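Heads up, the next two complexes both have subunit A, just with different partners, subunit B and then subunit C.
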Partner chain A sequence: MLPVIRVARATFHEAWRRRFLNGILVFAILIIGSSWLFAYLQPGAELQMVIDIGLGSIRFFGMLIAVFLGTRLVPDEMERRTIHTILAKPVSRAQFLIGKFAGGAITIAANLILMGLAFYAVFAIKAPAFVAEKPEDALIFQAMYGNIAKAILLSFFEMFLVLGIAVVASVIFTWVLSVITTFVLYFVGQMADLFQQLSDPERGAGLFARIVLGAAYRLLPHFEIFDMREAILQGIYVPWTTLAKTAGQGAAYLIVVLLIGYLVFNEREV
Partner chain B sequence: MKQYQIVSWVIIIGLMLLLQPLDRAVEYDRLVLGLQQPTPWFQIAARGAAGETELAVTGVTGVIVGAALGGFREVAATMLWMKTHEYWESGQALQVKALWLMRLVTLLDPHWLEPWRITAWHLAYNLYVETDDPALQSKYLQMGVDCLKEGVSWNPDRYDLYVELGWTYFDKVEDFEEAAKWFEASKFYPHPEYVDRLVGHAYERMPDIPRALDAYDYRLKRDPTDGTAKGATITIRERYLHPWYFMEEGRHDKALELIDTHLLAKPDSTLALHVKGYLAEQAGDTRLAYETWKRAGDGSALDFHAQRRAVELAHELGIPTQDTPQYIYMQRQARTQKRMDGSVPGRDNLKR
Partner chain C sequence: MGPATSRCTYRLQNPNHHAACAHGEAVGRCWVIGLAIKTENLSKVYTHDATGRPVGLMDLSLEVEEGQIFGLLGPNGSGKTTTLKLLLGLIFPTSGSGEIFGHPLGSNAYKERIGFLPEGPYFYEHLNGIELLQFYGALFGMGGSQLNARIEELLHLVGMWDRRFIRVRNYSRGMRQRIGAAQALINDPDLLFLDELTSGLDPIGAMEMHKLLMSLRDRGKTLFLCSHLLKDMEPLCDKVIILNQGRQCEMGRVDDLLRVEGQVRLELTGVSEEFAAKLKASADEVMVRDHLTVALFGTQSAALESAQAAAAAGATIAHLGAHQRTLEEVFIAAVGGDE
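And now, the complex of A and B:
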């Protein structure tokens, strides 16, 4: 366990020295901080716009950080040849891979916390003014604080999954290809319902569509399940059991991804 | 294959199998709680495939698609909304594109009320006046009403679209039974005071005098200084309540006589003509009812209710007439309603 912690700690410290990550974080906080300005683009739905921009930015910039960090974690060690030094010590490839992932995950968690705090600050300052303009939103406003925290919590699991996919893709492909693969999987994963509907025999799907698209639906990660903005916008209480099931699904998928990464990485020349 | 590989693959396959029931459980929870994304991508893609691809390409730019896929559905909706205005203002040829994009905005962000309101307004009001064909006009009315009903289904806890739908029934379709129903529905949610008065206006124009008085009474109990409600109550009590009571007692001649007295003083009074038309119908004097409704309809180009009633009675009397869009609309509604539950919509089905 100790080697994993050491690799994770080193990865975390190294990640904070990456300028592009700091740049993304600063830009994200700027966008989140100015989300209330965008609110005026949707007259009558200012509060909803703030939430959409704020939480959307957390997810979007979190995803960018996960992709660009995840796809560099292992290849950088290979390019600098430091991987040989690490693996020469009593650190197995599995421990190295898990350590790298854990370091990246802690980095992403720290970034998400900072973005979340920025959003909470904007929300706490601006939302009451928007609610005052539209008193009917007062009913759902109280439920929003708790729901926003839950939405950010789900973003953690979503970004860990993106990070896992990015790390594994970087082990299999070149850097550019791994970035593209992760982006494609993320965007396609947002539209998992499309594959489900297209493979539905009741909607006229043929045998080929049922097999191929049905398999795609079952194999692809379902990123849309981590998005609970609908609940926030409507003031719906989201039970912790639903959160646990969603997190469980993300965790199970993450283990699958990391195991595939381990199988490839273990056989790979470094 | 090495042992660790076999173990790993067994775990992978086991987890993938475990994911299936978990996925179904999460999907079920999201469906029950209403956490699913407003409109599945399938539906949006299906619209593009259903002959609207060209419109999609011209209107939906890469930036908008990117914003939508990147999780910024509301931002994408806002960008599209701006584009719709650009198209709409560019002229008639682009209005279809604008309307398609407006529907797309409502698909992307169904909780934004403005697009529902404006889209329905363009359909029921602006496209309505672009043609002289009553069948086409009735179709636009139907589309406007359907658009608002869909909007209400997405936003059932807000008064706005109930009132908007009620207003479209009140002002454009002039189906006052439906208008009153939707205005009443909006009162379950926090709403501005004018909505209470609109309920009264709808019953007044229907006409259903006791219910109109009830509605104004409700308003006055909340705000005794409400001048409109007070004035309406006085007018109704002075002019229409007594004829109404006579009608309920079956003394139709006396009721009509009283109304005629008011009409002598104010021959163009819409409300008096509506009450007289209704009294004549209740008295079984179809010819008088037809003449009264026709008089009201001819007197005001915007009295669609009177024009529709005149057409209905003209058909009964065998008088050749031109069907109005509102008449065609109501006939279609009646046929649909009959198909659904065998009843005919109308004031008799309203619970007092």
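And now, the complex of A and C:
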């Protein structure tokens, strides 16, 4: 266990010094911080606009950080050859991989927390004014604070899964290919529901569509489960059990992904 | 193989030797536990070159006894680092096998007992000397005051104590090498793999490292050294293998490799071309090293005769005596002098 923690810690410290990732974070916070300015572009829907831009930015930039961090974690160790001295110590490849992932996850969590705090600050300062101008939003507004926290929490799970996919893809493919793979899985995974609809025979799907799209629906990570946008905007209460269930689904998928990564990494020359 | 009646005495010389041997294995039969490293036809073929010859390491079979200093020598690209990576399980053999302390290559079981200094070592740039050693110590489950004491001792040993707060990012080449040696020793390993230990070190640093190696040997540690610095390796190693283009072309105890029975060696400087031709005719073998001409003779009288003739021809006698080869000559003979 100690080796995993030590590798994770070193990974976090290294990752936190990556200028490119810091740049994304700063840019994200700038966008989130100015989301209320954009809100004026949508008169009458300012509240919705702030939430859309704020949470959308957290998800989008969080995803960018997860992809560009995750796909470099292991390749950097190999290119810089720091991995040689580590694997020559009593550190199994499984421990190393988990340590790298955990260090990346801590980094992502730190990034999400900073972005989340920035958004909360903007929301707390600006939202009451928007609601004052549009009293019918007052009820929804009550539910929003809690839901925003839950939405950010869901982005944690979502980004951990993106990170896991990125790390594993980077162990299997070249860097460019691993970035592409992760992006594609993320964006196609958003549309997993669409595949199910398209493969539905009652909607006229042929045998081929049923097999291929049905398989895609079952195999793809369902990133849409992490999306709470509708619930927040409509002020629907999201129970913790729903959150727990979503986290569980994400974790199950993550474990499978990491397991595949381990099997490949174990055979990989470093 | 020793006679079946005499019992293994290896353990008396080497405290690390497996205790089971005291239970009565015969001398020469306790090799299974007396060996630190053993490989059989260990091969790693990366690719084939334009002429179809395999590139990498081919059919390496070696045995390193506990307590030995073993030298893996060879020109650049001969497969030394490849061998180390195979032994450490960083890459996998295309064929053949090996064991370290009786465990298959790559297994985690022997990692507790080994240390490794890679060539041109790389470390996390954001750490300073102390943090770096704490990191590597923790990978062995070490911690607390015991680890701190060990770190202080090692930093003094490699001459990095005064520079312990400098970050790796700002290290010079030699400082990396020194901290690399310290991390390799953090767990007080029984078996040390050192790839080009003295590269990047100043002469005093290199001398200190050699002293360190001697003291480790005296404590019964096994050392596996990769180098092409033959002059450094010659007084250090008990046994060497010379690799060339991935193949083993010479192996043996250094004493045996250097010993040549009954030859007389004449070293000359200032030899004219004219006389050099004459010398080639009368000597068994003539080698030219920079300004030095080395001639070998089967008998003392032949050597004397040539020495006199040389003096008469205006050459200077630098040395005349019984012939001891240098490792460099063994190396050049084995490798064939080709680049």
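Basically, the second predicted complex is superposed on the first by the 270 of 270 C-alpha atoms of A that agree within 3 Å, B and C clash if a C-alpha of one lies under 4 Å from a C-alpha of the other, contacts with A are read in each partner's own complex, and residues count from 1 in each chain.
Simple rule for what comes next: contacts are C-beta pairs under 8 Å (C-beta built on N, C-alpha and C of every residue); 3 or more make two chains touch, one makes a residue touch a chain.
Bear in mind that the values here come from a model prediction, so they are computed numbers and not experimental data.
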Taking the superposition on A as described, I'd like to know which of subunit B and subunit C A:10 touches: first, second, both or neither.
second
Touching partner for A:108 - first (subunit B), second (subunit C), both, neither:
neither
Check the residue A:80 against both partner chains and state whether it touches subunit B (first), subunit C (second), both, or neither.
second
For the overlaid complexes, name the partner, subunit B or subunit C, with more touching residues on subunit A.
B
Partner chain in contact with A:238 - subunit B first, subunit C second, else both or neither
first
Between subunit B and subunit C, whom does A:2 touch in the aligned arrangement: first, second, both, or neither?
second
Would you check which partner chain A:67 touches, where first means subunit B only, second means subunit C only, and both and neither mean what they say?
neither
Figure out whether A:89 sits in contact with subunit B (first) or subunit C (second), or with both, or with neither.
second
Thinking of the overlay built on chain A, is A:151 touched by subunit B (first), by subunit C (second), by both, or by neither?
neither
Between subunit B and subunit C, which residues of subunit A are contacted by each of them?
none
Where on subunit B does subunit A make contact in their complex?
4-5, 8-9, 11-12, 15-16, 18-20, 22-23, 25-27, 29-30, 33-38, 40-42, 45, 69-75, 77-78, 111-114, 157-159, 189-190
Flag every residue of subunit A that touches subunit C in the complex, lowest number first.
2-3, 5-6, 10, 13-14, 17, 80-92, 267, 269-270
Quick check on the complex: what are the subunit C residues that touch subunit A?
85, 88-92, 108, 111-112, 114-116, 118, 121-127, 135-136, 138-141, 143, 180, 183, 187, 193
Report the residues of subunit A in contact with subunit B in the complex, numbered from low to high.
38, 41-45, 48-49, 52-53, 56, 59-60, 135-136, 139, 187, 190-191, 193-194, 196-198, 218-219, 222, 224-225, 227-228, 230-231, 233-234, 236, 238-239, 241-242, 245-246, 248-249, 252-253, 255-256, 259-260, 262-263, 266
